[in-house]
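Just dropping this structure here.
Labels for the chains are A, B and C, by order of writing; each one numbers its residues from 1.
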Amino acid sequence: MLFYIVLLYCCSLAGVLSQLSIHSRHGRECVSPCFSLQQRNNSTSPKIKVDLDNSTGVAVLRMQSPPVNSLSLDFLTEFCINLEKLEMDKSCRGLIITSTLSKVFSAGLDIMEMYGKSPERCGEFWKAVQEMWLKLYGSNMATIAAINGSSPAGGCLMSIGCDYRIMADNPRYSIGLNETQLGIVAPFWFKDTLVNTVGNRAAELSLELGLLYSAPDALKIGLVDQLVPEDQVLSTAQDTMSKWLAVPDHITKSMMRKQTIDKLLSNREADITNFVSFITKDSIQRSLRMYLEMLKSRKA
Amino acid sequence: MLFYIVLLYCCSLAGVLSQLSIHSRHGRECVSPCFSLQQRNNSTSPKIKVDLDNSTGVAVLRMQSPPVNSLSLDFLTEFCINLEKLEMDKSCRGLIITSTLSKVFSAGLDIMEMYGKSPERCGEFWKAVQEMWLKLYGSNMATIAAINGSSPAGGCLMSIGCDYRIMADNPRYSIGLNETQLGIVAPFWFKDTLVNTVGNRAAELSLELGLLYSAPDALKIGLVDQLVPEDQVLSTAQDTMSKWLAVPDHITKSMMRKQTIDKLLSNREADITNFVSFITKDSIQRSLRMYLEMLKSRKA
Amino acid sequence: MLFYIVLLYCCSLAGVLSQLSIHSRHGRECVSPCFSLQQRNNSTSPKIKVDLDNSTGVAVLRMQSPPVNSLSLDFLTEFCINLEKLEMDKSCRGLIITSTLSKVFSAGLDIMEMYGKSPERCGEFWKAVQEMWLKLYGSNMATIAAINGSSPAGGCLMSIGCDYRIMADNPRYSIGLNETQLGIVAPFWFKDTLVNTVGNRAAELSLELGLLYSAPDALKIGLVDQLVPEDQVLSTAQDTMSKWLAVPDHITKSMMRKQTIDKLLSNREADITNFVSFITKDSIQRSLRMYLEMLKSRKA
């Protein structure tokens, strides 16, 4: 059952647990005063902050949507608009993605986008998730994830969509495509990206068990490339980026990733249909409601 | 020449060597009194014993066909019938495969099924080998191989057909797709399963040299997932299984393996034809006869 | 810009640097007296020496084209003729490739073949590069690279085209497909061969950054299989070869590599067209001229 599984999932997030919560786009959907407050803040301030250094050609994209940088439709839309702007800006050659929040990079897809929504809205949301991955995995810029906190599910997808991953050397931070633990099957392009990163067998184990890896374990299987002390994640990313930008160009990247990207491009509608028909099932919706009520009672 | 190669193969099996022998289905085909005796036993008793624990939903399948759990047509048929029963039993969600024999998990395909048999019979045998793999690799149950002894060739195929492999921590036990050492080319789906497990390069080396790996070496290349003391293989498998069964479902497994399984399904007849035309060659049959005569003289 | 990048490349070759130079097929194209001298020598002596030991069935192919065993059209043609002869010689079952030069196995493709040449000539050259790889990667012989010096770019391609790689245990020697550093994109079959050897992620990092690995680092990622003291590279290759030849046959090898080879075979003309249109671009030719002038001034 989704109910106890999500519970497991929370427990496994350890450091993030105390802050983990669900927020929605509209005040009236909020499940507790706490969320409501956050929503008001979010509605007036951007969820993402981008600083482009014209002297180096490197942009830093900071995710700043408390409490856990959930990937809501609004968040994803803002993310994609920013990515597209940078992509078209010839002066920008490198992108570093990081978080302004303490202890969390991104907790992944916003569960509120999947609960009580119309099929149309669910489809719109999923299309935005696809768009985020397509833009990131296929970016012409050199991309580095500066993972300064936990990064489960969609946060992990965002990380492995980059060219290089630097994570805070803190065993309390975890990363992984743990959708299976949530009763959700990772779609084929999540799977393909993970296989490309850690190989077939590690991906199989990881996806079948919905594993979250501590930072040191993530390094061992190659899910991240490097661990550094927490306060050096961003500066190391900057140093590493200068090495990437010293390389003439990145046609090679497109050669490595084209097949994986083309597979989603030619199956995009079917993938949306699959997601919508799964997530709008009564059984799945019931589980989500139980989960939300549990969260509410914990807050009370 | 197959002759000296099979000799090499025996030598490499070390611990199993003293027991290694060939048995047949019918008394009249027996090549020594010793085999005959074993055959009488086998004809009246099942080669496989299955215990399903309804409280946990976990079945333990014990291979108990002395001397070495050879995969004969009878054995494979019994194996597949048992697997199918468990697959259809909704109360069974996990399967552990192990051996009741000392020092051996399974020595692989029964050579007597390939010697002096009609093409029809050889084809029937090969179809049963395919069926075993298709049922195991594509099982909806969580499957764990509790490898409590050596597991060459077909025994290795059975192991890598499972979701997880726990092996006795004994350097005298070995595992590997060593068909090449026997003058036999591993078919493409053996190769695909191995590549999925240990990656392309390790599979290439392994298959081209027909390598058998000691338990510690098998762990190093990822051919098995875990080593434990010999007397804890089964109990560790039980503990591990409970973790697998805590995960909601296994659609992910089908997504990971579908392509590999479909490749055999759409080439099944051609694969049988290939095997039959190879194994019925005069040169191969001559080598097999020399091998059998050598075994007879060793016994005398 | 290619200019400064090639400079980087030279620096990374360290030990080879002092000797690195460009040579051409015709005296009139020589860019310095030094090259001219080498050319005269080369025109009268073979660039490759082959010794076949009929008692073992093992041929040793020695590359002896100073200063750095550059893969010129002449060199490649000689290489392919020798390979074809050995392939057709039933008494030859194993091939060891090594270098007679100090500190370098092969520095890769000869840059002079790409500068100031007609499209037809460039196409002829590229076809020879393809031919070398097709013959080596698809060889029916067991092939071992005895890498007794640095082996960048095309030298690395030649190495990973073999079945097994033994490298001198010297951290000053490096190996890798560093074409990206030279402003050149490795073609898809370079990429495929590397992925087959070190896996997708290591290949991606390696190609996107144009990395050269020191011998110890190359061992770590599986780019070479074994390191031995410099004076034991060839003898270890001989010992290893005897193990490979003890295995009955190598149909397995063809099964492992067929798909990768077929991909080039069915795209051969397009691959040549791509290369020619890229290398004959004005911008690329300008960069090559700047590089050659820099080399000239260094020599002066």
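Worth a mention:
The definition used in the following text is that a contact is a pair of C-beta atoms (placed from the backbone, for glycine too) under 8 Å apart; a residue touches a chain by one contact, two chains touch by 3 or more.
To keep track of the chains, here are their UniProt names: A, B, C = Enoyl-CoA delta isomerase 1, mitochondrial.
All of these numbers come straight from a predicted model, not from anything done at the bench.
The minimum number of touch steps separating subunit A from subunit C is 1. Of all residue numbers used at the contact between subunit A and subunit B, under half are used by both chains, marking a mostly different-residue interface. A straight line joining the Cα centres of subunit A and subunit B is 41 Å long. In subunit B, the positions touching at least two other chains are 199. On the side of subunit B, the complex with subunit C involves touching residues 1-2, 5, 8, 180-181, 183, 185-186, 188, 191, 199-201, 203-205, 207-210.
Across the interface of their complex, subunit A is touched by residues 163-164, 195-199, 222, 225, 243-244, 246-253, 255-256 of subunit B.
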